[in-house]
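We call the chains A, B, C and D, going by the order they appear; numbering starts again at 1 in every chain.
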Amino acid sequence: MTPSPRSVRVAIVGASGYSGEELVRLLLRHPHADLVAVTSRQSAGQTIAQVFPRFAMHPVARSLKFSDPDTSALARDAEVVFLALPHGVAAEYAIPLLRGGCRVIDLSADFRLSSAATYKEFYAHDHPAPELLSESVYGLPEVHGAAIRGARLVASPGCYPTSILLPTLPLLRDGLIRSTGIIADSMSGVSGAGRKAEVDYLFCECNESVRPYGVPKHRHLSEIEEQLSAAAGSAVVLQFTPHLIPVNRGILTTLYLAPSRPITTPEEVAALGADISASYTRAYAGAPFVRLLEGKALPDTKNVVGTNLLEIAWRLDPRTGRLVVMSAEDNILKGASGQAVQSLNLMCGFPETAGLT
Amino acid sequence: MTPSPRSVRVAIVGASGYSGEELVRLLLRHPHADLVAVTSRQSAGQTIAQVFPRFAMHPVARSLKFSDPDTSALARDAEVVFLALPHGVAAEYAIPLLRGGCRVIDLSADFRLSSAATYKEFYAHDHPAPELLSESVYGLPEVHGAAIRGARLVASPGCYPTSILLPTLPLLRDGLIRSTGIIADSMSGVSGAGRKAEVDYLFCECNESVRPYGVPKHRHLSEIEEQLSAAAGSAVVLQFTPHLIPVNRGILTTLYLAPSRPITTPEEVAALGADISASYTRAYAGAPFVRLLEGKALPDTKNVVGTNLLEIAWRLDPRTGRLVVMSAEDNILKGASGQAVQSLNLMCGFPETAGLT
Amino acid sequence: MTPSPRSVRVAIVGASGYSGEELVRLLLRHPHADLVAVTSRQSAGQTIAQVFPRFAMHPVARSLKFSDPDTSALARDAEVVFLALPHGVAAEYAIPLLRGGCRVIDLSADFRLSSAATYKEFYAHDHPAPELLSESVYGLPEVHGAAIRGARLVASPGCYPTSILLPTLPLLRDGLIRSTGIIADSMSGVSGAGRKAEVDYLFCECNESVRPYGVPKHRHLSEIEEQLSAAAGSAVVLQFTPHLIPVNRGILTTLYLAPSRPITTPEEVAALGADISASYTRAYAGAPFVRLLEGKALPDTKNVVGTNLLEIAWRLDPRTGRLVVMSAEDNILKGASGQAVQSLNLMCGFPETAGLT
Amino acid sequence: MTPSPRSVRVAIVGASGYSGEELVRLLLRHPHADLVAVTSRQSAGQTIAQVFPRFAMHPVARSLKFSDPDTSALARDAEVVFLALPHGVAAEYAIPLLRGGCRVIDLSADFRLSSAATYKEFYAHDHPAPELLSESVYGLPEVHGAAIRGARLVASPGCYPTSILLPTLPLLRDGLIRSTGIIADSMSGVSGAGRKAEVDYLFCECNESVRPYGVPKHRHLSEIEEQLSAAAGSAVVLQFTPHLIPVNRGILTTLYLAPSRPITTPEEVAALGADISASYTRAYAGAPFVRLLEGKALPDTKNVVGTNLLEIAWRLDPRTGRLVVMSAEDNILKGASGQAVQSLNLMCGFPETAGLT
């Protein structure tokens, strides 16, 4: 029997949005994390229990107060700091926190790209800390687990990228699909837009509505294409269309992929199917949060909401010669805060599922 | 000033489902239609107002009772009969009604295909009235208006096909897109599943859920491909993925199309864009129910639900070389009952928008 | 055959909220109203069709532009002006518009009370135009129809008051219930909160949530109590609890009333039941927008949403000696804009249902 | 340090409905329970993971198969058996299971009343096991904790009763409210209707709808009145109106109560308020699952859904002389399965919150 791991002191900067709130929930109940600070300008001075009554049963929620963000105090009190801040702002905190000796898990887009130029193309401002881009690790544990373990700075992926990358990367790495013509069509719950007081996200504007947005050049394309290109060994350009649907949580992504071999005959279909199945199994047999659906099952967000799981199902279509892959995840858990805690677990040597089951 | 058109006597067979109920609503307020019979085995003996209290203000709703379906009585009393029945069943009624002198507008899939063999491939039973397939007209008024005017038997299209065909057909006819590699990704409200007591469509199974279904060979593919092939002049095979989302009504379809010309340079993008715009204008300038969105606007089902409109927007993506087209409609109106009434208007020489604005 | 009524020129001040948008919809299709002006500071310069694409089929929507509110221009161009503005602001427009010769239908709370002191108690600021209070007419057409016909200034009731007053007033006037101990428990859709960018009304804050608010002294109490007191002939104090539920539209109110006679025996129950039924029939037999449910039917907002109807059902409970009355309405139609148009019809001598069926 | 409690072998009969599924979830992760059997005729032969994919991460879910219910096998394998069955059916299983030596926690209404006559009045059939009524304990842990500890047969309360009894019983016991004139107005999510394939509970019939039902004599009245009467020491008759609202989970109850003392002056209001506060604190200071809201906070189902908590807030209204109390709970957790597990914990000497936080 191994000794139980020691605890790590953690803090959350920007804990009043949906991702921040979920981080609070996960870290309050995490067996090896001590939540020592939560910051939010608007909630400063109130306890966690006052701001989020649903956590009131937890003693730390009743005693720990939100504070104004102070990087010196954070660096003194915490070993690992989660940043749940808008892009551009996150980097301002990462720099002094890293300098102060903290390890940082950033949920914004600030450190997900390796190129400051690509950042500027997609985010329309200069990168605030380009010197950190070479060090930061893209926090997709199923893909970059080894690097995450040793990282000082983890850039936790966005919700759409996670739902697209996990189903696509193994097939691309194994050469089972072509690197051209990839299409990702996604539907996201409204929490993805954050807790912002904007008319577009009012109940009556979202309920009984479905709409595309950000067509054809959504910001998340940049990180997805960088990861796909790395797996393919050549530049990948993605077609991506996000849609907003009236659910609180959940992303469903449908991917249209071109097999690298013909699937005209039943034998070809069977052979490629076996290879796809093997590729996924190889990639995710040991991954506790990826579920490969079997038989006739197709993903449904209601089966993963509230969990850190990502479900994958696929169908070969001999009529069109195409491979259709579908995935479902909780955009705030596997798509944001749950995945960030999964990285924490790797960084600290905890069991990968600690606090996430 | 032209004389106001005379009225036509109409009946609805199978008026207790969602499409049937909407037909009742539309025909009760139609300025040139007299609703003379509504049938439903389960509601027989009750007035329309008793079954659908929301129509109780209308005097006909308070007096007209549902009856058991009797084709002799229907043929005697009505000039045009709407069939809102399951496929396979509709044909059983169409035969005696046509023989009895009625004109028939069928909302099922029974007469939408020209080939009984294709019908059997997709619907898994022999076609019940193959002799009528050559006569029936596919009831898409913006495309087959002239044929609908003189038709005895109109096969009103399904909800998904309408949302896919109207945005695609002009571009295909005008040679602006290739006929290969077409992908349609659709999201539908739950009313599309009908008023059937099945666990899958319970509130708690659909709310806070999004899921694909019928992948990769949905039945509606057959009629879509037939219509696309006719426009292209060659056999078109479509990739189609429907998804169920938690709204009562509305279909949002995103289409991925391959332009027939490169769009590498800004000039090429501008030139193709002008051609696409001209193609749509040519096709739909006079179409009262197709709205081409301008500027930054993208379709949103909440802007069309409750109307017979279909909205279209499109974007050329020079990064991928692809054309993305998006459409929105009310699946029960433009996708079913509204479109059927639009056909009625053409068949009877009424203004195309009569009863639909 | 009477000559068809002439048309009236109407304008809407504050047309960009939910009630204003619905007024636009109703007045665009009203057979006897010409919409000549719509004002909204934020939308000034855009056409109705640009702001509300769902009305784009209507030629007036494509040509009429929103303007900044200018009372001189409004008084010159319009005969009747609707005010869809916050309380306090509405009065500022009513004064010059009335002086300029317009008739005014105000959807705010500014002119619903006869006492400036009560206004100050409930709205926490001095009444901006107390001299108009004696002239204004409470715009509940089923109750004050005669006064509305001749009114210069109509104060159109709130959504909760309508759902409470119509079921209660006849019984109170006929002495069938006591004037003490009245309780109203209401559930409202989120559109009742208006199109305001506040976190409390974001999709994720309202969806999968039900909550009371404004307990125990909601502002609407003041107008309800004034109307109930007038009917009872003595001061009535009401217990009222509103709740917010995740629907776009609809109010369901459940009223707990004390019959003025015992209902211990079946005979007493039957006799009082007959009197209640007669009271409602007397009050509403000629009212086109009040529907008295029969048999086992209970109100359901989905049966009235999209209509100007209010449904009423009631049950005597011999176990408790109490009368339970339930009502349902569309909060934006019968609870706001539909009712305002109903008043317009009375004021102008149009059929009461013109533009509302 | 106390030794950690041993585990208990538990089984669930009727595990395919919403309450049964939630019991599965709770018992799979319960630190002191071993789930040894789940029964469901329709799912027999499939593993838990196949029927409920969201539990697939748990090894027991992947190995334990649903079986046909067999009371001999259950009595042999399990120490405590949960019955999640319709009323009338539950008793048929309880009898042999008790005889076989099991302890039984029944979630149906079969053992909640002490009188077989009252059962027949409200459930319209003879009680199937009247001899067990004197033994069964009403499973409201905050009220009957001592009896539950030693019980062989626990009748776990319904969802509405829990939301009404916990806020009312302390005030009634302490004589702070009168036992007459109590009114409870409740709103429930659709999962309360169970996973039954009925048209009334289809998505499109519940979404965008709110409706009362079971007025004025809902079955749950019987158990509520029995418990209230016991606390009051005299027969209590309740007015109760349930409403169905479009959320998956959650009950919000608003109670109208008559204080036993006048609250005309501010001093009287303050004094009674202090007594109410003290009464609630006395009753629930040690209750881990009752949260007394403070300050301006009012209950909101979204703050308790997914937890076993019940929230309470109250307001004295000097205008009406009444006390308004509001409560919120998750109807499937504190209103059903969570509460049943809370009883299990008491019965087995586990910490009351085991498996519930």
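Simple rule for what comes next: a residue touches a chain if its C-beta (ideal position, glycine included) is under 8 Å from a C-beta of that chain, and two chains touch if they have at least 3 such contacts.
In this text, all values refer to a predicted model and were calculated from it rather than measured experimentally.
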If every step must land on a chain the current one touches, say how few steps get you from chain A to chain C.
-> 1
When chain B is superposed on chain C by its C-alpha atoms, the rotation angle in degrees, nearest 5 | 180
Chain A and chain D have mean C-alpha positions lying a whole-number Å distance apart equal to 37
Could you give the separation in Å between the centres of chain B and chain D, each centre being the mean of its C-alpha atoms?
-> 47
If you average the Cα atoms of chain C and of chain D to get two centres, how far apart are those centres in Å?
-> 39
Going by residue number, chain D touches two or more other chains at 205, 207-208, 246-248
The chain C residues in contact with chain A across the complex are 18, 189-191, 195-199, 201-208, 246-248
Which residues of chain A touch chain D in their complex?
-> 29, 53-54, 56-57, 208, 288, 291, 293, 297, 303-304, 306-307, 309, 311, 357
Could you please specify the touching residues of chain C with respect to chain D in the complex?
-> 183, 185, 187, 205, 207-213, 215-217, 237-239, 241, 243, 245-250, 252, 254, 256, 298-302, 305, 315, 317, 319-320, 322, 324, 326, 328
